[in-house]
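For clarity, chains are labelled A, B, C and D in written order, and residue numbers in each chain start from 1.
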Amino acid sequence: MRPVHVRGEVLSRKRVGAYHQITLIAPGVADSARPGQFVALAVGGATSGLLLRRAFAIYGATPAGVYGGTVQIVVAVRGGGTAWLASLDQGDPVDVVGPLGSPFRLPARPVSAVLVGGGYGSAGLFGLAQMLRGRSCRVDMVLGAASADRLFGELEAKRTAVSLEVTTDDGGAGRRGVVTDVLPEVIERAGAGVVYACGPMPMLRACGDVAASYDIPCQVAVEESMACGIGVCMTCVLPVVGDDRVTRMVRSCVDGPVFAADRVRWDDVGTVPADALGATPARAPVAGAS
Amino acid sequence: MRAVDFLTAPDVDMGAALAGRRFPNPVFTASGCAASGRELAQFFDVAELGGVVTKSVMLRPRAGRPTPRMAETPSGMLNSIGLQGPGIDAFCSHDLPWLVEQGARAVVSIAGSSVQDYAELAGRLAEQPGVAMVEVNISCPNVEDRGQVFGCDPGAASAVIRAVRAEAARGVPVFAKLSPDVTDIVAVARACVDAGAHGLSMINTLLGVVIDTDTLRPTLAGTTGGLSGPAIRPVAVRCVWQVHAAMPDVPILGMGGIATGLDALQFVLAGASAVSVGTAVFADPGAPVRVLAQLREALAERGFPRFSDAIGRAHRPPDPMPVGNENVDVTAEEAAEHDDAVR
Amino acid sequence: MRAVDFLTAPDVDMGAALAGRRFPNPVFTASGCAASGRELAQFFDVAELGGVVTKSVMLRPRAGRPTPRMAETPSGMLNSIGLQGPGIDAFCSHDLPWLVEQGARAVVSIAGSSVQDYAELAGRLAEQPGVAMVEVNISCPNVEDRGQVFGCDPGAASAVIRAVRAEAARGVPVFAKLSPDVTDIVAVARACVDAGAHGLSMINTLLGVVIDTDTLRPTLAGTTGGLSGPAIRPVAVRCVWQVHAAMPDVPILGMGGIATGLDALQFVLAGASAVSVGTAVFADPGAPVRVLAQLREALAERGFPRFSDAIGRAHRPPDPMPVGNENVDVTAEEAAEHDDAVR
Amino acid sequence: MRPVHVRGEVLSRKRVGAYHQITLIAPGVADSARPGQFVALAVGGATSGLLLRRAFAIYGATPAGVYGGTVQIVVAVRGGGTAWLASLDQGDPVDVVGPLGSPFRLPARPVSAVLVGGGYGSAGLFGLAQMLRGRSCRVDMVLGAASADRLFGELEAKRTAVSLEVTTDDGGAGRRGVVTDVLPEVIERAGAGVVYACGPMPMLRACGDVAASYDIPCQVAVEESMACGIGVCMTCVLPVVGDDRVTRMVRSCVDGPVFAADRVRWDDVGTVPADALGATPARAPVAGAS
């Protein structure tokens, strides 16, 4: 699972709804990639004023083959970096580091699993779905988005999952509402023993709550702003409770992005809880702060 | 044709010395940009570097600032980590031994809230084997109380350095890491050297603010952050230039926006005896080793048989005929022109 | 469907006031980045701007520094022009009347080698009609003798401002232009205000050095230069933030790396009552009018019916329901979170 | 001759020897362009960390036509900005400001003219050659370069000029040597009344010297590092003697790039001569320096 740093190349890029699905030739990245991990791409080319890499969940990974390994990602244009990625053509070089992060944990024994994806968040779930099925797990899926064009992978989900529920905020596709409106019935119908979720933070939290109400575990992949993506800078932290019940500010890039939903202190994300290890008393003067 | 042995990269003696301590080469990581080296070991052998400068460690474990802790800026970034770290005990039992085991040279950065803190930290480190050097971080730009910045006041800076020197192990160089956010960096540098610093690391980040134009509030939870990356490189080179001009015998560990071997060479020519690669690691995890290779190549191309020959070179007018360089042809006229530019 | 009048860009009152002097809008050029406006008039009507800040003028004609005077840096540039200019006489007979003729508001920047110089310059300008404002450049980072920088010493800064105020015409605001190269910019700002400055322009460039890795010498003939452009924006916003926090009633003309309307908005939210667009003009000769249009649009999108409502907005927690903004939904929870971040 | 600022587009790019010849659709630029002027291009795209425009002599200009006006330039790759230009494909956007600078001055009456181009410097001479021929001037050309691949426009020069001499430093094409080795004989053969030169500074100076020895005027187009290209920043100055015999530090972007060779104080380029208007006494302290 050691990440590699390679100069990759765009094999293809196509629009899928509001997104760009990009396949990158990136030898070595796919070899050890596991569901829930991500790649970090340099953006802007040689003259770029954008310093930091951009993180994208691995949607697909093909270790060998004619191209010596490819990875697929799904990109939503947000700012300058993603706009640049969305402008790439076949053959354009892309600098890739990956696979990064801790993958989803897999059930030790076959169990029924519900996979919940919000927006492009579903991209990170298809590799997981495949792997779960390979382990004889029943897989049901729930996809939600603001609008129909922001759903990703509906067709693939239909093929992959035993059942698929779709929700949109505006009712443009599937049921009007949010994923947690339908999650309880899917869990019940499937007799689910675990929930996996990937999408915006409020959705992850809500999925965790639903899973908790059924007393089943929920694994979530969070998306925190990252400077390095490899664990050296400490920008991507959030308060997570450890096995020892101690809250620590843990790095979502290496200790995550996958966490057990019931370990994340959702109320305190964006703060340092007073009881976190090493929390300084509020408003106390500190000597340095880098 | 006459056989000529051209100087190539492998020929260049990259050995570096900082205050008498010898390092295999002059490329280091920068504090806070490499944690304690472990994560980077996935990408390269940390023993290949001159040294690994560890994240500033404090006496006790520290959770740091709330998030957001980062904002990207043009050719730079702002950070406000708040010195999150495990504290000196965990560092000494966990991180330091690992570095020693790898055969890396550990440069331990320390940070405190009081002169006493620094003294205690230095004392703790004096008991540890394998500390190649101590870097004293007296220059944190993103403190919540600006008055507390030791590095912005020659008096406070000198008190810290004196206290550290009193506790530090003999033979282990103590470097003071300076902030650029001062009117007169030479004055602070001098105060640190007078107080016993063997050398100076510079620069730390510049204090900055980014406003989020959507929330209409500062982007960073802590409002201010430290600006790093190529954006600040000219300021960093200027600081090195000024301090080396004032105190040519004091070794400088130069940093601030180094992303390539030529960037590193700028610092060296300006007076740095070694360099740290910081933010560039976020863009390229292998940046330190790449910078080292590029620097070696650049030195060979310019006819420097020894890295050390390049230190401070930009302060002197060009040689009429640079040593060992077949490609550069400096005429007397050009040399005179350059002389003119010296002030 | 109910008819709703949404706030659009043309509705936004862009009127700006600096120390009682009213300007049609808050977007100005920056000194040294627009000469005296004539060249830019090829690209847009200079009267469309809040004002044109002219290149700092000295008592006598001045040839400036040798070349190279410029080095490009990541997202920035270093300049060492050396205040080349025609001198106050030619300026008053040639440049100023042209600006007045165009209907532009002339903000005249002055620079001197002594307190007496500044006083004379202010006196000369007091005789001229059409001076909308005087900007006192006390903050040149690329001087050959660093000790000579008025703006780096509160005492010297205050002497200059006092002398200018004594000679300047009544009713014409005098702004002191500050250097960021100081330990405590609030102290310098306060000294200037106490000496009679009606407002503050900030920031001037940061002192920097670039080494040419081919010649092995500094790139600029004058060794040091001033760093400008987007690279320095976070430092500039920080300076505006700090000074506005300390003296919320003192008007600030903010600048440093502004290239878009959202960049300008950052300065305004941090506390600037108007902004200057400098280096961005080199990349886009129409930058000032573009920034003005983008700022207007950005204000409309955020529900600000008046530009002035946005000034210093980032220092206050978000309104539970921002005025006139249909799109933003701030929950009590979010507001509380932001409150927490205020220190 | 008022410059315009337009969002142009690459119509074509092709390699010519060591150079890239690029045709840009840039409506309005060609309309008033005159020989000796240049365009300034933004480089690096939307995410660029390169702030300043790059200047290129106008090689060709077609005011009207299907594309609403095109300009042609010849680019030698030097650093990041030119490398970016050399990577552009047809249809890629390029932000253009131009035409900029003062053009070559034309003879009032028909006269024999020798045009001397060094490296890509010849690019700026073809428009001039055409215009001179249109005014019944005899045109002879001299092209020089370090090596054969760095010659530009040999074929076109052959078609355009009464005679063409070629020199290369390495003798790879034409005569081994530099342009001024052959310039005297060309001047004599052509009975030249004026010399125009475009190329590296030492060449311009040498051409000026040769012309002076024949007592004929020489117009040169210089290439100084420029930050703004439009006359507002004062980075691009060099010492030039005015009609009043006073030396001033003049802007090569608006007062040039074309100068009379005998007015440029070649020895003092890169300095401020002590007798220049406004020169400060050497080493005297000055208050500010932006």
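In this section, a residue touches a chain if its C-beta (ideal position, glycine included) is under 8 Å from a C-beta of that chain, and two chains touch if they have at least 3 such contacts.
Computed from a predicted model, the values in this text were never measured in an experiment.
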Option in C-D, B-D or A-C whose residue-number contact pairs overlap A-B by over half | C-D
If chain centres are mean C-alpha positions, then the most distant from chain B is chain D
Comparison of B-D and A-B by number of C-beta pairs in contact, larger one = A-B
From the C-alpha centre of chain B to that of chain D, how far is it in Å?
-> 43
Between chain C and chain D, tell me the centre distance in angstrom, where each centre is the average of that chain's C-alpha atoms.
-> 35
When the centre of a chain is set as the mean of its C-alpha atoms, what distance in Å lies between chain B and chain C?
-> 33
Per-residue multi-chain contacts in chain B, two or more chains = 66, 74-76, 144, 221-222, 229-230, 340, 343
Note the residues in chain A that touch 2 or more other chains, in rising order.
-> 49-50, 270-271, 283
Name the shape of the chain contact graph, picking from line, ring, star, complete and other.
-> complete
In the complex, the residues of chain A that touch chain B are 2-3, 5, 42, 49-53, 95, 97, 224-238, 248-249, 254, 269-272, 276-280, 283, 285-290
Chain A partner contacts - residues on chain C that touch it in the complex = 74-75, 230, 337, 340, 343
Listed in rising order, chain B residues that touch chain A in their complex are 31-35, 39-40, 42-43, 55-56, 60-70, 72, 74-77, 79-85, 87, 111-114, 117, 137, 139-145, 148-150, 204-205, 221-222, 226, 229-230, 279, 281-286
Chain A contacts chain C in the complex at 49, 270-271, 283
Residue ranges of chain C in contact with chain B within the complex = 66, 71, 73-76, 78, 144, 146, 152-153, 181-184, 206-211, 213, 215-218, 221-225, 227, 229-235, 237-238, 241, 257, 262, 265-266, 269-270, 298, 302, 313-314, 317-318, 322, 338, 340-341, 343
